[in-house]
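All remarks here apply to the structure that follows.
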Amino acid sequence: MPSSVSQATASDNIASAGAQRLSRETLLAHFERVRAATESLAAPLTPEDQMLQSMEDASPARWHRAHTTWFFETFVLKPHDPTYQPVDPIYDYLFNSYYQSVGPQYPRPNRGLVSRPSVAEVGTYRSQVDAALLSFAQSTDDDIWQTIAPLIELGLHHEQQHQELLVTDLKHALSFNPMWPAVYPAPQNQSDAAPALGWVDFPGGITMCGHSGDLANDGFAYDCEGPRHQVLLRDYALATRPTTNAEYLEFVRDGGYTDPRWWHAEGWDRAQADQWQAPLYWIQDNTASDTWTTYTLHGRVDVNPHEPVCHISFFEAAAYAAWRSEQGCDVRLPTEFELEHAAAGLEPAGNFAGPQPGQSALHPKSADGEAQLKQVFGDVWEWTQSAYTPYPGFKPVAGAIGEYNGKFMANQMVLRGGSVATAENHMRATYRNFFPAHARWQFSGLRLARDT
Amino acid sequence: MPSSVSQATASDNIASAGAQRLSRETLLAHFERVRAATESLAAPLTPEDQMLQSMEDASPARWHRAHTTWFFETFVLKPHDPTYQPVDPIYDYLFNSYYQSVGPQYPRPNRGLVSRPSVAEVGTYRSQVDAALLSFAQSTDDDIWQTIAPLIELGLHHEQQHQELLVTDLKHALSFNPMWPAVYPAPQNQSDAAPALGWVDFPGGITMCGHSGDLANDGFAYDCEGPRHQVLLRDYALATRPTTNAEYLEFVRDGGYTDPRWWHAEGWDRAQADQWQAPLYWIQDNTASDTWTTYTLHGRVDVNPHEPVCHISFFEAAAYAAWRSEQGCDVRLPTEFELEHAAAGLEPAGNFAGPQPGQSALHPKSADGEAQLKQVFGDVWEWTQSAYTPYPGFKPVAGAIGEYNGKFMANQMVLRGGSVATAENHMRATYRNFFPAHARWQFSGLRLARDT
Amino acid sequence: MPSSVSQATASDNIASAGAQRLSRETLLAHFERVRAATESLAAPLTPEDQMLQSMEDASPARWHRAHTTWFFETFVLKPHDPTYQPVDPIYDYLFNSYYQSVGPQYPRPNRGLVSRPSVAEVGTYRSQVDAALLSFAQSTDDDIWQTIAPLIELGLHHEQQHQELLVTDLKHALSFNPMWPAVYPAPQNQSDAAPALGWVDFPGGITMCGHSGDLANDGFAYDCEGPRHQVLLRDYALATRPTTNAEYLEFVRDGGYTDPRWWHAEGWDRAQADQWQAPLYWIQDNTASDTWTTYTLHGRVDVNPHEPVCHISFFEAAAYAAWRSEQGCDVRLPTEFELEHAAAGLEPAGNFAGPQPGQSALHPKSADGEAQLKQVFGDVWEWTQSAYTPYPGFKPVAGAIGEYNGKFMANQMVLRGGSVATAENHMRATYRNFFPAHARWQFSGLRLARDT
Amino acid sequence: MPSSVSQATASDNIASAGAQRLSRETLLAHFERVRAATESLAAPLTPEDQMLQSMEDASPARWHRAHTTWFFETFVLKPHDPTYQPVDPIYDYLFNSYYQSVGPQYPRPNRGLVSRPSVAEVGTYRSQVDAALLSFAQSTDDDIWQTIAPLIELGLHHEQQHQELLVTDLKHALSFNPMWPAVYPAPQNQSDAAPALGWVDFPGGITMCGHSGDLANDGFAYDCEGPRHQVLLRDYALATRPTTNAEYLEFVRDGGYTDPRWWHAEGWDRAQADQWQAPLYWIQDNTASDTWTTYTLHGRVDVNPHEPVCHISFFEAAAYAAWRSEQGCDVRLPTEFELEHAAAGLEPAGNFAGPQPGQSALHPKSADGEAQLKQVFGDVWEWTQSAYTPYPGFKPVAGAIGEYNGKFMANQMVLRGGSVATAENHMRATYRNFFPAHARWQFSGLRLARDT
């Protein structure tokens, strides 16, 4: 990933601030950085790469680039800039994802069947919308600015989500190529060992979780992160770091994938049907030798035992915890509130995709450092035992923007903490990511918890 | 349904008692009643009816009768009665449902492809196991009795669950018959009107939910109902009765099934794919006249506007609440804890399948009576917004019995309160029923809640 | 199978005669025999057995019994007997198979989901229609008799086809039962050996194939068997008997199912997808010992090496021939015309399902006897390399009766000769049976051919 | 399509000559022209276009370009040129189509999931193999030349087949794009009217059909076109031209797609399941106005009533003939032998994709000219009523080359005559194209026949 793209630093991390209190200059500078970061991720990809759609749940990189642009065009420019001329009316149809109230959507499973506009034209589309938005936003009067600033900020977070999906969808698609393409640079400075697993105790009690919704003072958050509300916790402990490949391999070698005792019924059925034998992308090169490789965005490599295990489903995470409990220590997956509580005081720093995308290898690394709880943020999303359901008092925003989160609150599990593919300034302690229990193509791992 | 079967009365409702404190005589009398109740449900069914399997999720009546018998054979007789001779070794394979630790299972989707043993032979199997169990249980010494009594009680609750499934699976299968078979008697004494919808307020705070696990003192419960634990509630109100057909029809007539705004994304996709236009079993006989009929176990009848709406999925229940909220009153589905809290002090009485199955029409009826909260128990299961996840500290029992609940704790929603197909002495305030969010073939409806 | 049913003998085999030249008495006596033969096949089946539908292509025995009755009701009684009162109007919908011009059809895949009318009521339906038809046919005047006689004869051949399907569908369904039900008696007098394979030469030239369509003089035939027309044959030879299990086992043991060289591309894909490893119903009880058993209607038995191989698809038959050609002798499947030419002078006698169904074991037996060409008729249907396409000049009859054959003339292969499940008086040299190339559940085998 | 590519003329049409009698110079010049023609077809396509795979039966343009190259590498260079260094060993896996005997094949449905090697690298692969082949072929001694010349010629015909597939697969994929991309130039000089339909009579009798297999004297042919053999024809007549859009529209407007009487049973089921209402690519822009447009490779255009109807399946062709027969004139689809017989004396000239691809619009045009039988070659492939089965005495070549045709001889129908996407020098009267009866994405139409 080219290193020339992003100059964001922690000090001007505007994602931790509400748009309303940001000057236009700051927000628009952030706009430029986030938009550039997407292009930075796409830069090493060929037009052919950007066409790939390997499953219905994934989208081509080309589409991610266009759809995030459509978001600004649809929610900022068209309704607020009377002089705006849409780049092409059909883009409304092609690049709407699932906003039913905006209009019909080109069928999701067919996104990979659209070769025109070309990848270059998508680039032009991005440039034109960027120029139009910047020009409009810089010159519009303050009333309108107050209206569009939160939409711009939302659009940037939306785009950062799609940056992560661009990476994970791409990895999934490229894994079908037996040439194991290496598209991003290999990681540097990888630790040779993970610290031994320890535990950090947390006292229970009533605690506040979720976001206040006061974006001006408390920074940006999605609607589903609020309302902030009281949560009753019991005493609990969290593992000092996520589960490693070495630990997970014990489960694999002990026949974890062939013993239904550890599995949810649906997880077992899925594992059998899809012939899961290890985390996604792992290949056992030689049954006898018991060595494993895995596909990464820098090519196929040996599984590093010290890294956090990654690309597992909720079902696998839960099965691992059930199996590990039989080894003598009563463990489980944490709830989303336990992880939020534990992370509440911490800076959202870690092995992220950026602010400078070029600094990241888009691959988890072994835990290190002095923090008691390591890798709370970054590296791998951590599956929780919490279903993605509305917080007390949650109500979606009216209109299309309200379609963002609430309509997915069924059959999804919450993940916390961000991954190597997450932008650092997109993360916060209240962040609720969510995926179906069987999803494996995100950078998803686990951290054990236990009652104390 | 024949009325000659059951003599249970509320006074000897043993399901509200732990097996340990019951005399053998009482528990075994209960055994006979529950086993007879199953046969009572099956009595009006022909051998042909008992073969029907209309989807993978459902089973033939014949199979339910055999599987519940297999449960006693497998968990009581075989391990504890050294003199017991199995009726047929192959029944172990044919009638195991999903107990991986017991052995292989005949494929569930093929249960309808087994015509032998015949329905009559399944009846014989039931009689032989009943006789063997009663003989053994009456004569075994007290140590063994202490061991088997909880298994027998569990087996009876297991059988009562299957009684409900027998009824709902049968209804689903018979609905494919254009002759609309009437197999149970039509209901009597149906009210002509439902009372107007009112609200009952409940104060929030920390409350105890779930079952203690002390079956001896607090009566029977499944493992998933515990541990009993503190729950933090906010102030809330519940509707005085479930939503009626008349109220739900407003949603249908307002285009509820054609407007994605009200729906979860997955619910919308499902509704489109399966062409949902109203609750399951409803048919609009004449588009112009807007009259609807529905299939019941007493034949096809007009939709009674006063009855609770029934045979809707979680997605429909949630869509209805979202739509109703736009009508001016901010409503939602309740959580499972709100319903448990509200039901905590109440007797589990209502329009159930029994104790005397012959007294029930297996069809919901209009709300009536003086209770503030009506139909808390019986009539229709009420969808909650709670996903079926483990309570804090939950741990499945080791061994096959432990496969009962925990392994289904993914992608299921909790329902509360019981239905017309539930045995009355199978119900209690802590009872957690669960089904996938798209399931419609249970007697499932909803009760609105709101914040106060 | 009860032996009390049928008194037909070869001498009064009316299927070899056109209805028009038959006296009413003779045709109606045949009517009674054929109708009774169906009941004879169903007699050993329980109501549960008669409900089974194991795939979309198959139907429950109960349905076959009703549908064949519906045929007489629909095509004879309703249009011609003004006094006829239909047994139940809904039967028109339930028991129409695919006659689009008659009216809508209950969905074929759901035939197993209909438990009412009961099996006993289907029996009553049969009796009532039989009585009505006999009474009407005996008393109607000659003009009407001339009209209905061919329809009755067609209905009887239609019923005989369904007798065969009843048997093969039943076998398929019962094979899902791990108890391996035995429903018909085991065969007697099975030969211990098959004669060595020899060849019979036939000279080529122009020959007449197909049926004249003159039913009065040349006996009954389906429309697809005509027009009789010139066919140009080359010199060819046919094997003296069908391929045996022993011969086919050589193919299996030589890895025939794992080598794509022998297979049509589509056959190979199907074999892989459905994991074919041997003929349908074969199970290799012990990989090491290489012994095989097969399911038959008299239970699971050892594969008899001397019997004709059976329950193979066209793809397997063709693969066997391709493999055998590599063994030194250039063989192939015959064309339908070669088989018809060779069979032209022969009496259609053999191991059939009847005329007396009770005399048959519904299982192929080893070749014996003095005939040069053995088992030309009966035992197993022989796959040909001929696609089921219209003969020159073929034109379907107008109206519903015309839907009988022509509309299936795509993606079907012709089989010749009849099987153990075919009624003897249903067979003739011009008979064209047809099934998709992947179908295995008929009693289908092969006879090799070669160029000379 | 660029016009600079091909200088082939009818006079040096080497495809009508056997390789053995061609000088190296002539054959290698032809090699260069055919290879260049593929590149000419690909030239207007973007890398994104060349990635598209819209169904399992189709392949990306990128893949067609590589696979045809792999053919020469695999069957000419590797076995015969000891100095040849493969471009990349993994191409063997990626670009093998279905040659089981050569090695494993990358899964066909995933061909669109391979973005590397890039489109440009595929171009390089082509150049390198071309250079290597030319260099080797020019310098090798005569013995080896005699061996490789037929392989080169086969490879060129193979490539010409893939040129056609490249075009039809591309059209199918681009039709998913609501922008209706125009990639090739619009046709010129389109006639304004089609001549009235007339008939040409042909006398029956024994005639010779198929190819002699003597490539040296009779020109190239695929194995499936032989052996040349006697065929017995009846008197017949052929329509003077293919059926036009105007004629076919009468069928559409008369409810042809909603009346099962005209259809094969399987065709009807397919038409219902896939919601066929007109030929593929047709859209009825306004139900009231009854105007239709169609997608072409030069964009979406009005359906021209005078052009031959195109993009219909065998099922539609047969349904049209059945419907037309009811209009008073007894018509049918021709057999493949009738078309071959009628075409036997004719020059294979017509509206083809080339020899000069740039001269073609890749779209059928209205019949014109003085020939009695018009459009015998070119414009649209004509469905026949003949299943694709082996000719008498047909035997596949041993080895991988033998996998070319024989293994597809099941469930395919023969088409004759070539289309706008066929290279002119790829065509001959004995040519047997074949596709499944439901296939619609080829340029496939029909010509009526009748008995006389």
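We just call them A, B, C and D in the order they show up, numbering each chain from 1.
The rule we apply is simple: a contact is a pair of C-beta atoms (placed from the backbone, for glycine too) under 8 Å apart; a residue touches a chain by one contact, two chains touch by 3 or more.
Owing to the predicted nature of the structure, the values given are computational and were not obtained by experimental measurement.
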{"item": "Co-neighbours of chain C and chain A - touch as defined", "value": "B, D"}
{"item": "Chain located farthest away, centre of chain D as origin (C-alpha)", "value": "B"}
{"item": "Chain B and chain D: spacing of chain centres that average the CA atoms, whole Å", "value": "60"}
{"item": "Intercentroid distance (Cα basis), chain D paired with chain C, Å", "value": "39"}
{"item": "Euclidean distance of C-alpha centroids - chain A vs chain D, Å", "value": "47"}
{"item": "Residues of chain A touching at least two other chains", "value": "none"}
{"item": "Chain contact graph, described as a line, ring, star, complete graph or other shape", "value": "ring"}
{"item": "Contacting chain pairs - touch in the sense defined above", "value": "A-B, A-D, B-C, C-D"}
{"item": "Of chain B, residues touching chain A in the complex", "value": "98, 100-101, 206, 229-232, 234, 260-261, 263-268, 314-315, 318, 330, 385-387, 389-390, 392-393, 395, 407-411, 413, 436-437, 451"}
{"item": "Touching residues (chain side chain D, partner chain A) in the complex", "value": "46-52, 54, 62, 90, 93-94, 106, 110, 112-119, 173-174, 176-179, 181"}
